[in-house]
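Each of the next two complexes has chain A plus one other chain: chain B in the first, chain C in the second.
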Partner chain A sequence: MFDTVLIANRGEIALRIQRACRGLGLRTVAVYSEADADAPYLQAADQALCIGPPAPGQSYLNQAAILFAAKISGAQAIHPGYGFLSENAGFAARVEAAGLVFVGPSAECIRTMGDKVAAKRAMRTAGVPCVPGPDQALPSGPAAIHAIADAIGYPVIVKAAGGGGGRGMRVVHEPATLIDALAVTREEARRAFGNAEVYIEKFLSHPRHVEIQVLADSHGNALWLGSRDCSLQRRNQKVVEEAPAPGIPVAQVAAVGERCAEACRQIGYCGVGTFEFLYENDAFYFIEMNTRLQVEHPVTEMTTGIDIVQQQLRVARGERLSLHQADIVCTGHAIECRLNAEDPRSFAPAPGWITDWVLPGGFSVRVDSHAGAGYRVSPYYDSMFAKLIVHGATRADALDRMRLALAEMQVGGIATNLALHREIMDDSGFTAGGVDIHHLERWLAARAVA
Partner chain B sequence: MASDSPAEQVRYLASLLAGTSIGLLELTTAEGSFRLLRDGLSSAISPMVAPMVAPKGTPGGDDVCAPTVGVFRHAHPLQQAPLAPPGQQVQAGDPLGLMQIGSLLLAVQAPRDGVVDSVLAADGAMVGFGTPVVRLR
Partner chain C sequence: MDRITIKALIDALEASDLAELEYSQDGATLRLVKAGCAIAAPAVALPPRPPALPDAPPPAAPPGEFCSPLYGVVHLRPSPNAPPFVQPGQAIRAGQSLCTVEAMKAFTELRAETDGVVQAILVESGQEVESGQPLFRIV
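Right, the complex of A and B next:
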């Protein structure tokens, strides 16, 4: 069984994984690009190896270089983190073929879930509620396609089977524009994902984004760890997340959560994962499964008391889950703010040197960050430089704590979205809870006019 | 080719290899593994390099950097003599050392004609991409 883990990622998640490895007594090998050569977390790894130049394609996405680093360092497992190669079935297969452990599900599971039509079919089989619409490839004749859209009822959404994360989709409000929309989406999908297959679903106009965290071992055991609400988004990017999703009856979440765990058992899923749902008019609709650790995993850690990354490593080592569903209790409420280096008006990434760095602290305040004073936020990668997470006995308590933490936190030298987060915490819609996925964009648009 | 005897297969591979500048061929199959090594090693391995890393200017000369993460080797595992000892005259494209990753060997090429000033990385050292390994003057 592996005792050395290569962390094929960067930034806060590389540090998060390193801490989890350390907690389990595992050695760590950090790999980095030339742009990250001065990152402080590299010092804490047992070994650090530069794998390429700053461009992600030549470093963090360079499969050969990462496998080379594993080979020479003697790492027996590769943790992909999130983003980069984390949902690349081909990479997972190469890692397995090299005789190493990919810390995540099998390449086959990743492939199935990466095909949104196949994923939907697998979910229906397991009894997970899905968005109305077929889970088969579309027929070729226009008349047959029109019949499908008519049966679903307009508006419908055309989505790329190879898409995800909000990319490769188009809303159609009337039959006259359906066939053109299909053609354009197909072409975009072919270019962006190398897969021209598209499918049609009912378009939900004002849903919330609610997701279920799952954890499964290689012995057929699967658990669900509660719900998260990630409805505060801008351009399909999550900005604030919380657990549990406010205002949804516990029994309803439990029913869906149990279906998610069952789906994991049926497809032989091992590792951590997230079932993403749209939630509208008191009903859940599956949209996609993320077959990896997620940015927002800490809010679930805070409410369940479970170290999700340690559990992920344990099941990758072949251990049997020592937890049972009855042990999993959601306590209190947690909120996470993603802190980005970005222009507060244009939201354009604003990399640069951090000159001042004052972190909030106190009871139930957590900061997951690889940055600090003197750290340079790189222009090559995602602009997120920290995650601020708080826990409270109630949602109101957590909101109060987040307001205090945001007031305490100071970051100088770069433009950040700290001020935006402070405003969000005072927004009446968000504080009431249960806003839809368009709330933040509406709010920003209204603010821009005012 | 599959119906040929192993000896004929090896002869066939050798003939293919002769038309290239590949220095070492290692094949591992279900039946076993074998190695084909060409004579004239120094001219042999150079085409196997990863994309060249631009040399970094230094007052004493040019530092040639590792083109990939790997274990730096002064000499080929089957040969005693280092590929580029200090003082050696080299031409652009000559191998100055090798990056070893398991059984894979990649040459570190001289980016220009020159003389080896010093070998900066120890034989057997684990080096990252971009690490200066040889200095030219």
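Right, the complex of A and C next:
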């Protein structure tokens, strides 16, 4: 089995994967774009190879360059991290065809889950609760489409089958605008995802975003590792995540978690993954599966005590899971704040040199970051430069610890959203728990007026 | 240095009885070493960068210079196939779009503060620009 892993990503997750590899005694090959040539984590890798210019299309998305780097470095496995090529079925297939291990599910699983209609069909088959609406391609005649929307009940949402992550969708409140909305979404989907197929679902107006972490091996074993609540979002980007999702009965989470694990067994899923749900009026509705490691995986690590990235590498090596569902216990509560280089009020991006860097610490405080004093946050990539994660015996305990950690942390030289996180931790809605996915935007709008 | 060039160099080294080959192009240097010949340095080495200095607050721009308010990549056209926002010699009005600066997947549109004439465009499209770097000379 493989002993050298090429990490086809950058930033904090590249470092996180490197650490997991080191913990398992695996060699690491880092790849980087010219913009990241000075990144400190490259020094810690066993080997570092430049794969192209700063633009992601020419480096971190450059499949040929990455495969070539694997070949010349002797890496036998490629870990895609999140974003970039992590959910690209074509890339996974090329990695497999090159005789290498893709640290993730098979290309076929990625392809099925990447097609939101096919994914919904697979989930229904496994008994996972889905948003009301058909799991088949839409008929072509307007009358038949109207009949479907009428049966679901307005408002409905038109979504691109190739979309995901909040992109390529449109809410329709009345029958008169349905056909136009369908045509526009189809055209957008064709351009953005190269797939014009769209589908219709019931539009939920005030849901929470609750997700289930899963872990599966290649021997037919699958586990669910608990719930996360990621409802605090701005423009479909998660800002704060926590585990477990507050206020949802343990038995209800366990029932849906078991369905998710069963779905993994049915589709032959191997690796880590996340089933994303909308949660409204005490019910779960599946929206999509992320077939990769997620940004917010640390909150689940903190509550389960399981190193998810090490487990991901172990199952990719063909190992059998040594854990059993009965071993998985959710202890206490964990919260993660995503720290971005952006103005805390206007959200304007703020790349640049970090001049001051004071990290919080102490009991149950964790910072996952590749940055530090003297590091220059690049304008070419995502604005997230650190994740601050805390664990507490209870949610209130975790909130207190996060407030202290945020007060302790100082980042100078660039604008950051630290101040926003400090305000969020004192917001009565958030601290009460269980806010919907529109809460943060409403709160920001109210603050802008005040 | 593209992949095809690199592959061609590998093939050339393979076919020769050389132990190693070093090739420089556009400031990037590639050093290839045959297996078993020597301990290889990282296959692609970049020239060392000048030591990093923190971003100073943008100095007051000399009169007539229009500077970037942020660090990012400048675009002189609204989209690759569209005509440029402005041309040298063109008269512009306050509020008119001059360029966009891309940072972290977001595009910030920069607009003229006053009426004037674009005397010179000081950067190229796609170039990385510093916060406070002059982009246009406007008189």
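Definition applied: the second predicted complex is superposed on the first by the 450 of 450 C-alpha atoms of A that agree within 3 Å, B and C clash if a C-alpha of one lies under 4 Å from a C-alpha of the other, contacts with A are read in each partner's own complex, and residues count from 1 in each chain.
Going forward, a contact is a pair of C-beta atoms (placed from the backbone, for glycine too) under 8 Å apart; a residue touches a chain by one contact, two chains touch by 3 or more.
Every value quoted in this text rests on a predicted model; they were computed, and no experiment measured them.
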{"item": "Clash or fit, chain B versus chain C on superposed chain A", "value": "clash"}
{"item": "Greater chain A contact set [chain C / chain B]", "value": "C"}
{"item": "First, second, both or neither for A:349, with chain B first and chain C second", "value": "second"}
{"item": "Chain B versus chain C as contact partner of A:310, first or second or both or neither", "value": "neither"}
{"item": "Which superposed partner A:413 touches (first chain B, second chain C, both, neither)", "value": "second"}
{"item": "First, second, both or neither for A:38, with chain B first and chain C second", "value": "second"}
{"item": "First, second, both or neither for A:341, with chain B first and chain C second", "value": "second"}
{"item": "Which of chain B and chain C A:72 touches, first, second, both or neither", "value": "both"}
{"item": "Which of chain B and chain C A:374 touches, first, second, both or neither", "value": "second"}
{"item": "Overlapping segment of chain C (options 9-17, 81-89 or 117-125) - the one that collides with chain B in the superposed model", "value": "9-17"}
{"item": "Touching both chain C and chain B, counted on chain A across the two superposed complexes", "value": "34, 47-50, 65, 68, 72-73"}
{"item": "Contact set on chain C toward chain A in their complex", "value": "3, 6-7, 28, 42-44, 46, 49, 52-55, 70-73, 102-106, 108, 128, 131"}
{"item": "Chain B contact footprint on chain A (complex, rising order)", "value": "31, 34, 47-53, 59, 65, 68-69, 71-73"}
{"item": "Chain A residues within the chain C interface of the complex", "value": "34, 37-38, 47-50, 54, 64-65, 68, 72-73, 341-342, 348-353, 355, 374, 376, 379-383, 413"}
{"item": "Chain A contact footprint on chain B (complex, rising order)", "value": "68-71, 100-102, 126, 128-131"}
